Amino acid sequence: MDKSELTILLFNMMRVRRMEELCAELYTQEKIRGFLHLYIGEEAVATGVMHFLRPQDNVMATYREHGHALLKGVPAKNIMAEMFGRTEGCSGGRGGSMHLISLPHRFYGGAAIVAAGIPQTVGLALAAKRLKDNRRSICFFGEGAMAEGAFHEAMNMAALWEIPVLFCCENNLYAMGTALSRSQSQLDLTKKAENYKVAAQSVDGMNIYEVLEKTKTALDYIQREGKPYFLEFKTYRFRPHSMFDPDLYRPKEEILKWKKRCPIEFLKNDLLSKKSITLEKINELDCMVEEEMQAAISFASMGSLEPVENLERHLYENDL
Amino acid sequence: MKMTYREALREGLTHALEKNPNVFLIGEDVGAYGGTYAVTKDFLQIYGPERIMDAPLSEVGFVGIGIGAALGGMKPIVEIMTVNFSLLALDQLINSAAIFRHMSAGQLSVPLVVRMTTGGGRQLAAQHSNSFEGWLAHIPGLKILVPASVEDARSFLTFALKGNDPVLIFEHALLLNRSEEVSSEPITISPFKALIRKEGPRLSLITYGGMLPRCLEAAMDCQELGLDIEVIDLRCLRPLDDRTIFQSIKKTHRVLIVDEGWRSGSFSAEISARIMENCFYDLDAPVARLCRKEVPIPYARHLEEAAIPQMKEIKAKIQEMLK
Amino acid sequence: MKMTYREALREGLTHALEKNPNVFLIGEDVGAYGGTYAVTKDFLQIYGPERIMDAPLSEVGFVGIGIGAALGGMKPIVEIMTVNFSLLALDQLINSAAIFRHMSAGQLSVPLVVRMTTGGGRQLAAQHSNSFEGWLAHIPGLKILVPASVEDARSFLTFALKGNDPVLIFEHALLLNRSEEVSSEPITISPFKALIRKEGPRLSLITYGGMLPRCLEAAMDCQELGLDIEVIDLRCLRPLDDRTIFQSIKKTHRVLIVDEGWRSGSFSAEISARIMENCFYDLDAPVARLCRKEVPIPYARHLEEAAIPQMKEIKAKIQEMLK
Amino acid sequence: MDKSELTILLFNMMRVRRMEELCAELYTQEKIRGFLHLYIGEEAVATGVMHFLRPQDNVMATYREHGHALLKGVPAKNIMAEMFGRTEGCSGGRGGSMHLISLPHRFYGGAAIVAAGIPQTVGLALAAKRLKDNRRSICFFGEGAMAEGAFHEAMNMAALWEIPVLFCCENNLYAMGTALSRSQSQLDLTKKAENYKVAAQSVDGMNIYEVLEKTKTALDYIQREGKPYFLEFKTYRFRPHSMFDPDLYRPKEEILKWKKRCPIEFLKNDLLSKKSITLEKINELDCMVEEEMQAAISFASMGSLEPVENLERHLYENDL
């Protein structure tokens, strides 16, 4: 992988991180409301996976999806405007943080019913297979979602009918306050997939190199075999589940331990030590990120409010 | 030309599958078994396993797959074997299919058709005799079709597939063997219009789905007794063509609603409330309702019959109201 | 003594857990997290993991387990984190819990309590703002409690556990931080009775759950304008105490129903229909309804506010009706 | 196992078989209505498992449960009366063939929503564990049920919380018209259980000896370890799924092949060859069975109809 590509990856992780930090601030300022779930700590996963995706590829993610949306190509300004509840938001202000949707980027959201998007992505992939329209279909979900029946039903059908989906489990060890080990009897998540005869791999989600390598293997397999693939990314969220979470359920030391494995610091240090990047370049990237995000915030602040008369639009096809 | 409701459904499906290669059917036992109610017999042989997909027992899963496939450009027809099992998939229908267009400010559409058999009357007991179509009409974003005639059974699917919104079609199990005269080509009266199946000045009897034939029979019997009433077949519960109802009431001033759902919170309540709001001053008497008794349907025939409105009860109610 | 709705819920739960060793609580994040809305903070430490069971994300599964445990002699309290996720478990509630007693001719009972947070108003967007309590009141065999006051939040669980039928308790998220004066000991007015929260001769305003405080506020405002109306808090939607409604109407002759559910097929429709059937000749004007607009709830605050009945809108409606 | 016990087992299988044959006849005579699902061919499973159960043990089964009810102790006459829709029926005529329920026998039905009874049985077992009331809890379901999310969710929790349930999967290879191999990607059903860390065994369900042996192992394990156990019984239904099923989806030869493995013939012949039973004794058993079943039918025919006024009883506790 050449220097410029690696720089882009670092840049993308920094963009996601900074956007999330700003979201947290904007939340305390009450510019962003509702539920807000931050991806801080998990950036290498979306960054690595999205690296391989093309505009025409389909993605479904969860309520923790700001980073995924950004890296799938949804402009930061439309993401931010969405969280501000403005018409310029990617979902017209109707979705908010949990429901970033952008059809031009084939980013199907932003879904907040845990696991509901898993069979839906299988459906997207089935359509792509039937229509032969050369789209990949990728689904992101947390390890908590794997306890839901929907996961099980979807895996079985994807395997049975050879539907080419990439299942990306972001295993951050907790579903809200419930540790994986307190909620699932099988802790090796790849076994859950393999048991449906779905090929599976576990990945260190804090290491972008490994994310890239294993995602590539998975996508190649899907391309070659026309079958589904499951990736478990072992990762960690550095922040509480949402802005409402008192975070009472995890030992402080555990959080600290994981923070030491920050995927951004890891890549930065690696690139610096290999002299693939300079501190000046990193500063420059920082500035670019800041500029992008501040521009996004200004854009959002200046956004307009949907006229209340339009509330009942868009319910059915002809409700323009 | 005579045709049964089952044949009509089959013709509608055949037409859909022939016309659009992106239409496919997915559900439990639609293929090898030939359809639980023999509607899709031989379809697997004719259209192959890519278009006639036998699904495992996974209602959340295959409804979710249907939604995704619709998002992805296909025109899926999902068969939920009976309405009873739809309870397992309501999350997908209500919290995904129904909201995606609105929540995305019009970007997404879910052109999904879900067919299910509905209704009681065959001694299948509590878990297999539900009638949820009226209840599901509460959900904005869904369209709810309730074909009661053979003609409608034939044409509704075509209409449902024309649009790009999720449509639920409820096929009443008791109607499957009903045979009716139909035109040689499908008649295309939009399903979003209620139809007056029998005109009459004395009372507006409003009904839909499995209750229509017995309401018509009661109306004919009453006719012979000199009680000439009007029978309205709603055909679609959401969106509801309430104009046709209101116009009828301007003429008759009396209303009876017959609904197979449990009385409290049934669709009949919504109709009554709308009449209250729009026709209060036209009414000569309070709107009356005949509904399912508020119990799970028992197996024993006489109990089941007592639980679901029967022709005789409907007739007696009309007579009472016109006394 | 002042207490918040949250504290009241907590006191109700504490009482239940202390009193009966067969009571246990199961649901997502009731334990280590402390309850999504902090209602059960420290319960895990106090009562231990056998009585405070953190469930995996498996709504069908743990509701089914609750039903089985109830059949087996325990008194489970199942917490479905919010009403939105109850859609995943409706099969268990509707096609098992609600029917077992009847279908077994009285042999089985399912003494199960299911608590869930309900309602909109916090900018949580379409998937997290549903209001299904009125809709679920359609199901015979279930009891539906909608505590709107702090006093009721404290005592309803005790009543629910006294009986041996499945009871759903809907706790409105917007009320959690509300603080109200309560008596030192829980007041025990049966939840199966509607209460007149404010008396007045001019109009009967009927409501429940999260809408009560804003209805009362509107009524107080109207009072100052000389419009003295009555406010009825239904408290329980199934069985419904319609007698209290009818008596009020005999006095006021006018009715407004405020319901957080989507208008079509909401519980307000059932109330209106019953009034039609029982008080037609008492009414001076048609029954009116204020409900949720028929769209998925949008995130943007001004749109959400426009979608759900607000105090001002209620007040304006009362004024209009009494003009 | 001594002769008399084996004779009882044979007798019980014959009772189930004969009851089912008569049900089929009574269905064509329209004495029994609604859906009717016969257990013919699968008798060794319920017979073997029920052999170990005590009156206080909990059982949940499916709509194919006449045999299970009979062997759990529900009298044939109350079963038959139920199918005739009479008040003397075990469910008061409200349940019918699919919903035989008898609390005194702790037979919880007779449930017709596929897989719904699986978490419910976990709940029964949880109650028994907490109340320490020395009851076992056994759940019967078909292999088709294992595609449902409810199965997956229930297995996970049973394993996680060490809830002592015996899961009995009656794998008759078809779910209505859908062959296992056409509906599930993992065909080794024990692997599905093992993947949740639930101990599992596959059993030849046509061989009563093996059913007995492996059920005993399972129950001993549950007793000893206090954990769940999963048994897959490989079996076959000789009749169509229900009385409405045209049975178009299975090769005639397959049916014939399995019929040759009739579990009743197998045990009869084995006992005869070992001289553990005589032909006369078998005839005598036949007569006893016939007598029991004919008595049940007369009882049912003479049963009474619930007065229609009572329709709304039993909805809530105090609706007597």
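Order of writing sets the chain letters: A, B, C and D. Residues in each chain are counted from 1.
The rule is simple: a residue touches a chain if its C-beta (ideal position, glycine included) is under 8 Å from a C-beta of that chain, and two chains touch if they have at least 3 such contacts.
All figures in this text were calculated on a predicted structure; none of them were measured in a lab.
Chains that count as touching both chain C and chain D, per the definition above, are A, B. The minimum number of touch steps linking chain A to chain C comes to 1. Distance from the centre of chain B peaks at A, each centre being the average of the chain's Cα atoms. With centres taken as mean Cα positions, chain D sits 36 Å from chain B.
Centre-to-centre, using mean CA coordinates, chain A is 40 Å away from chain B.
Spacing of chain B relative to chain C, judged by their CA centroids, is 30 angstrom.
Per-chain Cα centroids separate chain A from chain D by 47 Å. Residue positions of chain B touching 2 or more other chains, listed in rising order: 55-56, 58, 60-61, 84-85, 88, 91, 95, 102-103, 125-127, 140-141, 294-296, 298. In chain A, the residues touching two or more other chains are 91, 93-95, 99, 111, 113, 147-150, 153, 156, 160, 182-184, 315. Under the stated contact rule, the graph of chain-to-chain touches is complete, every pair of chains being in contact. Note for the complex: chain C touches chain B at residues 60, 84-85, 87-88, 90-91, 94-95, 98-99, 102-103, 125-127, 130, 134-135, 137-141, 238, 240, 261-262, 264-270, 272-273, 275-277, 280, 283, 285-289, 294-296, 298. Residue ranges of chain B in contact with chain D, taken from their complex: 28-29, 31-34, 36, 38, 54-61, 84-85, 88, 122-128, 293-296, 298-303, 306-307. Touching chain B in their complex are the following residues of chain A: 58, 87, 91-95, 99, 101-103, 108-109, 111, 113, 116, 118-128, 130-131, 133, 135, 137, 149-150, 153-154, 156-157, 160-161, 313-317, 320. Residues 22, 24, 50, 53, 55-56, 58, 60-74, 76, 91-92, 95-96, 101-109, 140-141, 143, 163-165 of chain B touch chain A in their complex. Interface residues of chain D, counted against chain B in their complex, comprise 33-35, 82, 85-86, 91, 93-99, 111-115, 144-145, 147-149, 175-179, 182-184, 244-246, 248-249, 305-306, 308, 311-312, 315.
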